[in-house]
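Here subunit A shows up in two complexes: once beside subunit B, once beside subunit C.
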Partner chain A sequence: MSLLVTALAFALPVIFVLVPLAIFLVYSFFSVDQGTIVYAPTLGNYARFFTDPIFLPVFWNTIVLCLSVAIICILLAYPTAYFLTTLKGRWRYALLMLLLVPLLMSYVIKIYAIRSILGLNGFLNKALVTLGILEQPSTLFVFNMNAILLTLTLLLIPFAILPIFLSLERIPQTLLRASDDLGASGLQTFLRITLPLSLPGVASAASFVFVLAIGDFLTPQMVGGISGFTFGRILYSQFGTAYNWPFGAALSVALAIVVILAILIGERFGRNRGTSA
Partner chain B sequence: MSTLPRASTIFLAAITTLVAALLYSPLFVPIVSSFFPLSQGNVDWSSPTFSTYVSLAENHDILAALGTTLIVGLCTVVLSVVSGTLLALYYHGRRAGRSFLQFIIFLPFLMPPIISGLALLIFFREIGLERSLLTVVIGHTVFVLAIVYRTVLTRLQSMSRTLVEASYDLGATGWQTFWRVILPNLSSAMVGGAILAFALSFDETMITILVTGTQSTLPVRLWAMMRLGFSPDINALVALILMFTVLLCVLAARFLIPRQVATERS
Partner chain C sequence: MGLKKAILKLAAIGLGIGLMTSAALAANLRVLAWDGYADPDWVKDFTAATGIGVDVVFIGSDDEIWAKIKGSEGQDFDVFAVNTAQLQRYIKADLVSPIDISKLPNQKEVLPRFRDLSQVSGDTKDGKVYGIPFCFDSIGLIYDTDKVKPAPTSMSVLWDPAYKGKILAYDNGEHNFSFTALTLGYKDPFNLSAEQMAAVKAKLVDLKRNVLSFYTTADEAQQIYQNNDVALIWANYGQQQVKALQKIGAHVAYINPSEGALAWLDNWVISKGVRDNAAAEKWIDFMLTKKVSGQLSERTGFGNTVVESSSAGSNDKLVWLNNVEDPTKRSDLWNEIKATP
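After this line comes the complex of A and B, so read on.
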């Protein structure tokens, strides 16, 4: 009986998670010949990924893009989270909830709305022209890498606010008062106490945003146009127009490795040390 | 953080306002244009109308997609709550193999959905399972299982052992203890987990695009429509859905935050 229960407890996750991922991994060692998959092991897909002049640059560009998204999100989220912690009681959580509500809105609709804001007739161009910053509407913000950067940032800011807020909130008030009593200025207290103690939250935030950004296919597909080609789009095209599932699987393995590394780094530096007392 | 100079408070408040404006701008656009006609990118404030809501009621295509999404969501909730709760019960207090199993359960949640979706797509093809709503439900269940499992396990771990011991002392059998003591204590966590699972399933797009057959859920339908541009009634739908999800989340928060904590904080 207990053996059966144990078997069941393992079977479900193993069959529907581990087996598909394992098959996917195995696929990356196959190849395609004239539209049919050849089930003979080869390292050709990985060799192609590292030697072909197309894939590695797109891979790096995508990583740089997603790191930029993470940095911009944190630059916006940190002051916001800090402001939240200066508020009292009920207001603090009410405002936090308010900043998280946009997460509930349909992802596809948000991308569509942002695209219309960034577009040639969009709000951003109108505002910039009215303010006199631009002479005429620009196509600089849509269907290119900038558009992907801006859209992902808008979509992912809440994922940066939450972990930073939590780490700031955990800093004991006594530490700040002690620092004040010992004659430190507000800036000194921030730089020596608050900032170092909130870095784990910043690391978690960076890891969240980066992983969500690099795994996203919908945003670059919708706002990237022709020039905004990211790794996710190349990967997806292997299962559509390019029809090379094994190569697509190999690209997925590369993506998975980056994601796992980002999660591990986030875990390593996201742990709170010293504030446990 | 009590004595902040005035200038820095203003700076922080300004950034927060900017962030809030940025976050709400993509919500604002469809909601405003659900009530006011839009022409050439300019909002016509003079004539508010409910016509978008009326035409939504006649858009059978979208309503069918909404129906499909609800069916998928409900099936996903039932499957994930049952299996998530059973897994949590099984692994509560058991060390052997737990971290390995947790790792597997969390994989689809951590991996980019494009990878989970493609892996399932190939898996379904290998075992000869036609793409249909069944494959969509399996995909969603695998995706949300981690959330339900975690929610229920957290509640189990915070449950006092003395409750179970008292039940046994009073002569209850194992089953009686389960039905009368453990399950009632878990119920609010299960409801909270179910709401979260439903919300995630409702908006899941990438995995669904990959594993769905001919029927599409709402996000997939919207995704397909986006290439051509949306008709105005989509804005009405979006406004309604947002209202509904906010309501759901307030509910979820009520179930997930234990009552003592809620009263302590208020």
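After this line comes the complex of A and C, so read on.
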């Protein structure tokens, strides 16, 4: 019986994760002719990715965009998480739950709602005009890269708050008190004790957000408009309208490499600091 | 590819069950159609008039029709509905039977432009008729009557800098190349030469710089319209989309551009595996009666081939969608256009 469980434990990830990934990898070496897939191995897809002038720039811009999303998420999530840890008792968890509530909502509905808010007649523009910050509604917030940045940040911020909160909460109170006893100021304690000990949480939060952002094609598709063209959108089109699965698979492999790197970096930072503490 | 085999096996079992159920209703005519093409009251009337029972299966996409018909090599259905752009593919794959027009008395009564089927692109091959057109709609232009004055007559208004950032276009390379080719005055928008392709591409980069966004669903376009300053919408969903916008109180109107509007045209076709050809012909003839065709337009907002309807009249120049020279190429170019800064 336990043998069966062990076998299943190995078999399930192999069948549902490794095999599909392997199929993807294999497909990336095929090609398409007249709408049918040619099952003869070729490096053509990869050659095209590196030589065609459109793919690398979009790929690079997308990575920069997602890094920015990760950085902004961290900058907003860190103070939030820090504030949470200063709360006492049940308030702390009640507020944390509230911050995580958006995760229960459908992803698509959230994008729709955010797009309405960002629109020319949307809430954001109306508020800014009413407050006198803008003279007239601006198109700066929707159907461009800014919109993708804003929307992804809003959607992914809960994924940044949680790991940072957990790492902050795990810091033993005794260390902070010891620092205080030895005459360190609040700022000194934060910079020399709290911040270094919470960096593993920051690292995993950053890699979470980055990976989720770079794999997203729906948000750019829906709020990106004409100038917000991302790698995910190119990838998506290869499987839909272009009907070029092999090329799409090759692009996915490129994306997967970046994602795996991001996870490895996040993991490495997370563990190093974590165990030395 | 053991997985592929397993899937095929499952499909075969499914097919087997399907065959068993269809064998139980052996006498009935098997119809495959989009929702709205075979309403229950028409089916009832048809059975009352001819004594032929009907089983209708509804589909939701062109790909689904292909999968159902190709999957059974045409054996599972007698009659089905397919658009002219798709039909040639079925003819090539030998999945449809030629239709004897003389068995369809009502075809002689249809609107003049649908009478000579050799003039309807995509319906015939080698002098034989394969599809009987019955329902269509154009892909025109929706404009906000408060913002766009005077009323536009051509798609070229989409390039007008006066409407910069107030235009919604559709996110599909194939259609965008076709309509832009028409706007540029090319004869055959579905078969572009390399030179024409380059000209269209340049023109589309200009279009991109003039639009607010590219949408995919009718619902999405409507939502963007509500929250932004939109003056013009390239209406992939035609009349349906206009009706939905008017329902929410938008002041919009619809035109078919003078250079020609892309349009889809759905046909009844008889499958290769038809069991009773006479019954299939009776069905098609019944659908071409004034009553059924008129009701079809009333209920869906689409045009029909028998009585004139509000959608796309005989004065409008409609260009029936056709297979394009190279869909993959168009899609790649479309990506390049979108990636152009």
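In this text, the second predicted complex is superposed on the first by the 254 of 277 C-alpha atoms of A that agree within 3 Å, B and C clash if a C-alpha of one lies under 4 Å from a C-alpha of the other, contacts with A are read in each partner's own complex, and residues count from 1 in each chain.
Just so it is clear, a residue touches a chain if its C-beta (ideal position, glycine included) is under 8 Å from a C-beta of that chain, and two chains touch if they have at least 3 such contacts.
Values in this document were obtained by computation on a predicted structure and should not be read as measured data.
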Partner chain(s) touched by A:Tyr243 [first = subunit B, second = subunit C, both, neither]: second
Comparison of subunit B and subunit C by subunit A residues contacted: B
Subunit B versus subunit C as contact partner of A:Phe217, first or second or both or neither: first
Partner chain(s) touched by A:Leu197 [first = subunit B, second = subunit C, both, neither]: neither
First, second, both or neither for A:Tyr112, with subunit B first and subunit C second: both
First, second, both or neither for A:Leu156, with subunit B first and subunit C second: neither
First (subunit B), second (subunit C), both or neither touched by A:Asn121: both
Partner chain in contact with A:Leu99 - subunit B first, subunit C second, else both or neither: first
Touching partner for A:Arg90 - first (subunit B), second (subunit C), both, neither: first
First (subunit B), second (subunit C), both or neither touched by A:Ile234: second
Subunit B/subunit C common contact set on subunit A: 19, 112, 116, 121-122, 222
Interface residues, subunit C side, partner subunit A - complex: 3, 165, 171-174, 208-209, 211-214, 216, 220, 223-224, 226-229, 327-328, 331-332, 334-336, 338-339, 341
Subunit A contact footprint on subunit B (complex, rising order): 1-5, 8-9, 11-13, 15-16, 18-20, 22-27, 29-30, 40-41, 83, 86-87, 90-91, 97, 101, 104-105, 107-108, 110-115, 118-123, 126, 138, 141-142, 145, 199, 203, 205-206, 210, 218-219, 222-223, 226, 230, 234, 238, 241-242, 245-246, 249, 265-266
For the subunit A and subunit B complex, residues of the former touching the latter: 5-6, 9-10, 12-14, 16-21, 23-24, 27, 76-77, 79-80, 82-86, 89-90, 93, 95, 98-99, 101-102, 104-114, 116-117, 121-123, 126, 154, 157-158, 161, 173, 176, 180, 186, 194, 211, 214-218, 222, 232, 235-236, 239, 245, 248-249, 252, 255-256, 259, 263
Residues on subunit A engaged by subunit C in the complex (per definition of touch): 19, 32, 35, 54, 57-58, 112, 115-116, 119-122, 139, 142-143, 221-222, 224-227, 229, 233-234, 237, 241-244
